[in-house]
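For reference, the structures are reproduced in the following blocks.
Note that chain A is present in both complexes that follow, paired respectively with chain B and with chain C.
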Partner chain A sequence: MKHIRRLFRIHRIFVVQELKRMMEYKGDFIVGVIGFLMVQCSNLLFLWIIFNNIPNLLGWSLNEVVFIYGFSLIPKGIDHLFFDNLWAIGHFTVRKGDFDKYLTRPVNTLVHVLFEKLQIDALGELIMGIALVCVSLPQLQIEWSVFKVLLGIAAVFFATFIFTGIKIITASVAFWKKRSGNIIYMVYMFNDFAKYPVTIYNEVIKNLITYIIPFAFTAYFPALYLLTGENPLYNVGMTVLMSLALMSLGVFVWHRGIRAYESAGS
Partner chain B sequence: MKRIFKIYTPFINAGMQETATYRVNWVFYILGSVLGCFVSYFIWHAVFLSGSGETMNGFSLPQMIVYIFLIFLTSTMIGSDAAWAVGEEVRDGSIAMRLIKPVSYNATFLFQELGNKLLTEMFLVVPLIAGLEIVRTVIVGRVEFSVVNLLIYLCSCVLAYLINFFFNICFGFLAFVIKYLWGANMMKNCIVGFLSGAIIPLSFLPETLGRIFMLLPFASLNYTPVMIYMGVYQGTELLYYIGLQVFWALFFFGLSKLLWVVSVRRLSVQGG
Partner chain C sequence: MIQVENLRKEFKKTVKEPGLKGSFKSLFRPKTERVVAVDDISFEVPKGEILGFIGPNGAGKSTVIKMLTGILTPTSGRCTINGKNPTVSRKSYVKEIGVVFGQRTQLWWDLPLRETYGVLKEIYEVDDKSYKERMAFLNETLDLESFISSPVRTLSLGQRMRADIAASLLHSPKVLFLDEPTIGLDVVVKDNIRRAIEQINRQEQTTVILTTHDLADIELLADRIVMIDKGRNVFDGSVGELKTRYGQIRELNFVTDSPDPKAALDYLRHFSIGEEDVSVKCEGSAVKVRFNSSAVPVSDILAYTLETVHVNDISVKDADIEEIIRRLYKQGVE
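Right, the complex of A and B next:
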């Protein structure tokens, strides 16, 4: 318990530090958020134009598609907001030998890396995700219960760590290969598939994003449960399981990687 | 001409070596980016299954597949990091090193990037076009591939690259005014993506809007080459759009020269 309290305190110190840094560059941060908002808007425009040409997308209405799309942005945005520093590990921290600094501090390296940065640009995704869910909800006939709301929140929480877990595993490759930024990128891009109803894909893609790189559990399955109320054990339960499995694997691979880490000679 | 070539050959070589060093990284990057095409493919596949007709705004499904992958190929081929590179050099002051050399500032970037592209594009164009045409032949049941269109397409891509390069140089000079180029760059890519037809074919837009977009320089970047490849533009129409590309290339070339003169006066590099 004391240990966890200490971690929270460290996190707060890092966040305050980040916020101070950000206040120095207020303009930058606004531009970044607007940039992310615009990227999402252009995707929405795409959906809207498509739905002008068809009555529904293989049985999915525009509102349902928007709901799933919006839901997918929430865990993605939260992970992006808090744990973006992993990209830096893959792109340059290890290659330049800067990783040494984490090894000299009295905090677990993974915790330190995760806590260090706050990527405020991610608010663009997060705001958009929440807005889309809110806009599409009134048009959808969803029966709400306390249980459902709680499961929905739990799903978002665990889905976030599916993103984080996948990023930790792929970022760790850098400990052996010096850089892995584009490996993170390649795997991460699979989340694009998860923004749309999984039923539009063929079996190969469907199985891939359900069982191998399980991004489908960050959006489609939990959103499906919220939309229909069906099968919470699979739709939300698997989200929790996948999340725990990926995080455990991530922690394991990370610590194996640190053993293999050799600093850059300079 | 020979002298110019001699001056800039080292820049081409440097660009090639840069790419060769990070080739594995590049492969992963391309694989990650191509995934977006597959997402689009499945969405359009579902759209055509849900729609009533065989074609939609002039596109059949096989044509749409060609469109999606060619838009990707074209954007990769004409992509330019110039805005980013210029911005970074302005910020960290290494622009000073280029200024003291008796070479054209823009041209050094251009040739370095060309070196980059010579390597990468050979590895991308051949497999992608070959794969795409095999798939198309199987789906349609007859060969629709045209060598002439491919050649004109490649020429059109060169023009599109020049437009994009000089446009990006102009944009990079914004770093003299605003400090945060990263977010601005993302906004720019998003707007250009939409206006150039990379997100949705321009024929899906309302007619007047589509027509206005066709005149803007961004349609020349992506939409025009792809339409040429697909054989939509023929005869005088083809000449008109190529002419438009030439016009925009010259326009941004001139603008970048002008901005260069204006902004280099504002440049102050600290330290040394």
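Right, the complex of A and C next:
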């Protein structure tokens, strides 16, 4: 308990610092958010055009698709907000030998890395996601219950760690290969498929994002449960399971990687 | 308290054949070869000692330090501090040590220095009272006051080095590892840092392991020297021992007006000694003779020189540690 409190105190210092820095580089932040919103708006415009021509895409209505799309941005945004330092690990921290400093400190290296940075830009994603969910909800006839709300929150929580887990695993490759920025990027990009109902894809992509890089459990499956109330055991249960599996694998690979870490000559 | 036993570290290196074809080949079937950076290093350091850990560039010093600080996992061999082993219990091990790499900072680039110490306070679980006292002490010994509010990225090298050393001492470690802490610093800052190291060592019996290429650091601070080369121990002992073991070389300097002193002075024949024991260098009228005083006594060399050429000004110099180490680095140790 004391340990956790200590970690949160450390986190708070970094968060405050990150906020200060954001104020310092305001322009950078604003440009980032505007850029993000423009991309999202063009995606939505694209959806809107499709649905204007075919009001019913393989049984999905525009509102349902927007709900899934919005839902997908929430865990993605949370992961992006809190745990983005993993990109730095893959891109340069390991290659330059700057990972040394984590190893000389009496804190779990993974926790230290995860807590060290706050990526404020992610707020764009998060706000957009929440807004889309809120906009689409009133037009969808969803029966709510306390149980369903709780499962919904749990789904967001565990879905977040599907993102984090995948990033940890791919970032760890850097311990052996010196850099893994491109690998993180390549794998991470598959989450774009998960923003839409997986039933619109062919078998290959469907299986890929369900079983191999299971981003489908960050959006489509839990959202499906919330929309229909069907099969929570699979739709949410698998999200939890995938999340735990990926995080465990991530922690394992990370610590294996540390043993292989070679620093850099200096 | 520190025990290093048969430490070895191999790095994997991918060998790439030149050209595009080579790149393709190594993409699919990367050829790796092993580079032995540290071959077999053993030594012990008792509590409270300042150990000068030296050796030529690429000898493996930093690699050893990285294994001793839990950064690198040894290929084989062991190191322990008070029985603790970094590969077994890294977190409790690193709590007892402080580390500074002169070449790179461990501080957060964008944080003001004061905040950096605040984070380290939490990381090392230093309580408020000790933190306050410690900061006051470090502030005074390392003179941090003038830049403690500046972000780390704005510090000069000398300021940053002092900031890094203070950071490594915040949690009162039992052992302090310093890898080239005086690199690139001016004489005043060097002095300040040496004094701080000495003070910490004296007041708190902090054990210090120090690598450096500035032998003044060694002469002023080190109780003992461990020298390595090509990943192996070559010398382990006090500065005095180093001098008596390898320091039989003396230097005779004089000025002469004799026309060709080099031809006139035939030390080789006169004393029947080999080239490894004596060398003569002339620069205009100044002559420098380096000789091994265990092969020829100083008095004999002096007498022979004085009776052979006309000498104006003469002096005999003890080889200093720098000279000894230069020779050792150049030739290696047999």
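Criterion: the second predicted complex is superposed on the first by the 266 of 266 C-alpha atoms of A that agree within 3 Å, B and C clash if a C-alpha of one lies under 4 Å from a C-alpha of the other, contacts with A are read in each partner's own complex, and residues count from 1 in each chain.
Please note the rule applied: contacts are C-beta pairs under 8 Å (C-beta built on N, C-alpha and C of every residue); 3 or more make two chains touch, one makes a residue touch a chain.
What you see is a predicted model; the values in this text were computed from it and never measured.
Trainee: State whether chain B and chain C clash or fit side by side on chain A once the two structures are superposed.
Mentor: Here the two partners, once superposed via chain A, fit next to each other without clashing.
Trainee: Taking the superposition on A as described, I'd like to know which of chain B and chain C A:L58 touches: first, second, both or neither.
Mentor: First partner only.
Trainee: With chain A as the corner point, what is the angle to chain B and chain C based on their C-alpha centres after superposing, as a multiple of 10 degrees?
Mentor: In the superposed model, the angle at chain A is 90 degrees.
Trainee: Counting only touches as set out at the top, which of chain B and chain C does A:G237 meet: first, second, both, neither?
Mentor: neither
Trainee: Just chain B (first), just chain C (second), both, or neither: which does A:N182 touch?
Mentor: A:N182 contacts chain B only, not chain C.
Trainee: Considering only touches as defined above, state whether A:E262 meets chain B (first), chain C (second), both or neither.
Mentor: second
Trainee: Quick check on the superposed pair: does A:G229 touch chain B, chain C, both, or neither? Answer first, second, both or neither.
Mentor: A:G229: touches no partner chain.
Trainee: Figure out whether A:G97 sits in contact with chain B (first) or chain C (second), or with both, or with neither.
Mentor: second
Trainee: Between chain B and chain C, which makes contact with more of the residues in chain A?
Mentor: B
Trainee: Taking the superposition on A as described, I'd like to know which of chain B and chain C A:N108 touches: first, second, both or neither.
Mentor: A:N108: touches chain C, not chain B.
Trainee: Rounded to whole Å, what minimum CA distance do you find between chain B and chain C in the overlaid structures?
Mentor: 7
Trainee: What does chain C use to touch chain A in their complex?
Mentor: Residue positions touching the partner: 11-12, 62, 66, 69-73, 90-92, 94-95, 97, 99, 101, 103-104, 106, 108, 110-111, 115, 118-119, 122-125.
Trainee: Residues of chain A touching chain B in their complex?
Mentor: 25, 27-28, 31-36, 38-39, 42-43, 45-46, 49-50, 53-58, 121, 179, 181-183, 185-190, 192-193, 196, 200-202, 205
Trainee: Name, in rising order, each residue of chain A that touches chain C in their complex.
Mentor: 6, 9-10, 13-14, 17, 21, 97-98, 100-101, 103-108, 112, 258-263, 265-266
Trainee: Per the contact definition, I'd like the list of chain B residues that touch chain A in the complex.
Mentor: So the residues of chain B touching chain A come out as 25-26, 28-29, 31-33, 35-36, 38-39, 42-43, 45-47, 49-51, 56-57, 178-180, 182-187, 190-191, 193-194, 199-200, 204-205.
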